[in-house]
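Note that chain A is present in both complexes that follow, paired respectively with chain B and with chain C.
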Partner chain A sequence: MSRAAELKRAWPTMLRVGFASAVAYRGEFLVWLLSTNMPLVMLLLWSAVAKEAPVGRFGEAEFIAYFLATLVVRMLTGAWVGWELNFEIRQGTLGMRLLKPIHPFLVWAADNLAAQPLRALIALPIAVGALLWVGSGQLSGDAINWVVLPFSIFAAWLITFFANAMIGTIAFYWESSMSVFGLWMGLYFVLAGYTIPLELLPPWLLAVARWLPFRFLLSYPVELILGLVSGRDLWIGLAVQWAWVGFFFAAAQASWKAGLRRFAAYGG
Partner chain B sequence: MASYGLRGQGWVAAGAIQVARPTPTGLGSRPTMISVRELAKHYKVHRREPGLGAALRSVFHRRYDTVKAVDGISFEIAAGERVGFLGPNGAGKTTTLKMLSGLLHPTSGEARVAGFEPARREPDFLRSIMLVTGQKQQLLWDLPPAETFELNRAIYDVPPAQFRETRDELVELLQIGDLIGKPARQLSLGERMKCELAAALLHRPRVLFLDEPTIGLDVTMQTVVRDFIKTYNERHGATVILTSHYMDDVAALCPRVIVIDHGHLTWDGSLADLARKTRPEKRVTLRLGQEVPPAQLEAIGGRVVRSEGTLAVLQVESGEMRDVVAAALARLPVIDLNVEDAPLEEVLAELFTRGRAAS
Partner chain C sequence: MFRYVRLFGVQLRTSLLLMMQYRVDFLLDAAMSLFWTGSALVPLLVLFGKRDSVVGWSWPEALLVVAWFTLLKGILNGAIHPALQSVVEHIRKGTLDFVLLKPADAQFLVSTARFELWRGADVVGGLLLLGWALVEMKLVPSVGAVVTTAALLAGAVAILYSLWIFVISLAFVTVKVDNLTYLFESIYDAGRWPASIYRGFLSFLFTFVIPLALMTTWPALAILGRLEPAQVILALGAAVAFSVAARLVWRTSIRHYTSAGG
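Up next, the complex of A and B:
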């Protein structure tokens, strides 16, 4: 049997066990929910600012819609493989995974994806609530945006997962891989549109941020939901997003392979 | 020290004594499962003296030492054998196990396990082996072991009927029926180890590497694990390689032991032979009717290793045994007399001390 066929057979069980894990880690899930409340804080902050006069084309309602959409996309694209990799490389428990005839990335991917239904359970009521609150006028009226959205959210998850995995593999070479996470998250806060809509950045920074991977982790799917991107820009955005998927997939794999040779050479 | 080791030898380049050892009984016709030739693993380790000055110097100029964890060992193990790896801490036992299970790349030499080169970690190789360590676990921490079993079934693609049969057999042998539904984190160390063993064997590996599987377990649980390993080996013909600091594990499980010391193979043979060759003297324990002066004890021959009240222990060369026992019975108020080999722990301590002195 080919490895792809084997994987297809193993995948449902891996997802089911991953879901069981997500449910078992109830406490951790709750903490995670609380830790992703940044968009709500930003929502209050920016909508207060916009009460007097709109900022760019963002009035109070636009800010509310923007940060609620941000919260939903963030919840659906979470991945934490980097923390697990960092821990397992340092503790040497990665060895137990290497004994299994399956790439550990696939096991982690199943584990991370399996938590999504539980997250959707939280994210979907918020999405519906937001729709009722701000009125459907804030959402994109273009059907193309809604067709592209699932592919874009999946791509955002893939970039998050592989970027996370790539940073996690730094622990093979360097003891301070967690500080790289700090740097990554710092950039994410500003350049992904997590704390401020990208179009409110200074023009020179926006020009750069439009092409950097951070936009495609969060801002681009949000732009689709709110109709902030359309036409040619929509397709260019989607193409660039999937190009970043390819880049981080290749980079994570390369770093993993090189790191594994080191791990195999020095032990663990 | 030159090191060479071939099956059928006892002492291996460990000094002047070279003793021929017969091939383990009943295994002569079995195919070779593990073959190791001049296997070596050397590490380059950064060395730095303590202190700020040394720390700064090390930024610009690094000094490295080469540590020879395993230094050219050779042996063969037949399918279905149970072999114990013995050696002091840092001798190279775990490094060897890791090389044989594909986790470490050898610096030089060759290893074949079940027909595969371990370092390539081919999926069919990984399906043929398993490594269980007492220190690291594969059970999913917050889920019941039954979930780990199910995950392993999917990952190893075990057919459902075979999975049920193997799982039921393991559950019965290890008596874990009431444990596999509880979250792993709520199990005791011993209970967890039993479930670890079950999880490791669901895909029926042909080669089982066990690294300190009984570490931290109480005596009863050690016996349960030991009995299970033996039964599993006898039922399924799996090849078992075991490292343990508990001599009882090795004595109960392994007809053959391989001693690795300072990265070299220094003995390949039976444990009983190893004990006899290392410490040919026997222990004579005397329980006396009344206390006797030390001079009177020493006068009967042998060497007094312990004398407390009415209990005396003498160490006696095999050749002098008859005279010493006769003298004790004639000249001392003996109530009880017992002759036995020196304890295995002592034998090994002496062997490793000799190894340190030789290196």
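Up next, the complex of A and C:
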């Protein structure tokens, strides 16, 4: 049987296993989701600010819509492969995965993707509630934005996943690789639009942030939802986003292959 | 009593020795903490670049709140979190027995078991921010204000520690609390901003249930000399109440410890 056919057979089972494990640890899962409350705190801060006077083109309703959209996109694009990879490399338990006739990235991808329905279950009420709260006037009225959105969210998940995997593989080379996650998250908070809408950043920083991968993890899909991006910029954004998908896919693969040669599977 | 002071010294020395083994991690973690503090400041910097005051707070005043928040976070990550995290580990493995057998108070032993001073870099970061804010305001706080602030901060540490004891005590029941502590940390993040941005239910929650307002906003008000004496008494009373409650919860939890582990 060819590799592709094998994969086609194994993949649905892997997804089912992933989903079952997400359901089995639903309590823990819920707590993780509740921990994603940063957008809500930022929402309170910025809407309190906007109550006094709008910031740029962001009034109170715009901020509420922005941070709720942020929360929804963030929930739908979660990946945690890097932490597991890092842990398994250091513990040596990665060896078990290498014995299986399937690329571990695919296993993790199934695992991370399978949790999405459960995450969507939480995200959906937020989205509907938000819609009722601020009214549909905040949403993009352009059909193109909504057609592009699913592709953009999927791309955002792919970048998150592969960037995560790439940082995880650094554990092959360097014991203290966890600090790279810290660096990545610190940049993410500012440059992905997680704590502040990108267009409020100072112009010089915005000019950089527009092209960095962080925007495409979160801000770009949010911009699509709210209609903050349109026309030519929309297509450029989508192209750049998928270019980053390609980049992180290649980088994660390369780092994985090179790292595996050094892997000694101690411990475990 | 003197025995406990000596015991504290021994525990601290052990932690220090452990720390010296991982010098690179020490520097990395310290640098990372400062980087995070800086990156979290960006929204505030942008905000105050656009206007002079937000919900009644000027830039240096808001910076004071961030300073206390950062300082407390350093204490949390350097002294409270690592020690109590190891309790969870003990409970899971059943090795808490060995701690309970020792001829000293178990809560004291576990609470001082681990200091990760490199995670305490935020204490330095917080003090730097404090200095920055004071210079910006050209404010030399009065002796009374300094004493009050110090007392409030000590109270804040006590509250933070007590809250952590509550979370950890859940480990006696649920065994796994890694993500609960993570959840709590994410809630603690809300203390970064002046409490007046929270209204209604949240304002109540962050003043009386998870008293973030008492921990970061009130010390900032105290150093500005704007805190009412009644608030000082309330804050310190809350600290005592939380500490007593933490002690009771700990005793109850220990009684339910079954040492199953293994």
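Odds and ends about this structure:
Here is the rule we use: the second predicted complex is superposed on the first by the 263 of 268 C-alpha atoms of A that agree within 3 Å, B and C clash if a C-alpha of one lies under 4 Å from a C-alpha of the other, contacts with A are read in each partner's own complex, and residues count from 1 in each chain.
Here is the rule we go by: a contact is a pair of C-beta atoms (placed from the backbone, for glycine too) under 8 Å apart; a residue touches a chain by one contact, two chains touch by 3 or more.
None of the values given here were measured: they were computed from a predicted structure.
With the two structures aligned on chain A, chain B fits next to chain C without clashing.
By the touch criterion defined above, A:Ala10 lies against chain B but remains apart from chain C after alignment on the C-alpha atoms of chain A. When the two complexes are overlaid on their common chain A, residue A:Val31 makes contact with chain C while staying clear of chain B. Once the two complexes are laid over each other on the shared chain, residue contacts for A:Val190 go to chain C alone; chain B is not touched. Between the C-alpha centres of chain B and chain C, as seen from that of chain A in the superposed arrangement, lies an angle of 80 degrees, given as a multiple of 10.
When the two complexes are overlaid on their common chain A, residue A:Ala239 makes contact with neither chain B nor chain C. Using the contact criterion defined above for the overlaid structures, shared-chain residue A:Ile144 touches neither chain B nor chain C, since it reaches no partner. Once chain A of one complex is fitted onto chain A of the other, the partner contacts of A:Met42 are limited to chain C, with no touch recorded for chain B. Legend: residue contacts after superposition of the two complexes on their common chain; A:Ser179 is shown touching chain C, with no touch to chain B. For the pair chain B and chain C, the model built by superposing on chain A gives 9 Å as the shortest CA-CA distance.
Residues 1, 3, 6, 9-10, 12-14, 16-17, 20-21, 24-25, 92-93, 95-96, 98-102, 107, 261, 264-268 of chain A touch chain B in their complex. Listed in rising order, the residues of chain B touching chain A in the complex are 43, 95, 98, 101-105, 119, 121, 123-124, 126-127, 129-131, 136-138, 140, 142-143, 147, 150-157, 183.
The part of chain A that touches chain C in the complex is made up of residues 28, 31-32, 34-38, 41-42, 44-45, 48-49, 52-53, 55-56, 176, 179, 182-183, 186-187, 189-190, 195-196, 200-202.
On the side of chain C, the complex with chain A involves touching residues 24-25, 28-29, 32, 35-36, 39-40, 42-43, 46-47, 49-51, 54-55, 176, 179-180, 182-183, 185-187, 189-190, 192-193, 196-199, 202.
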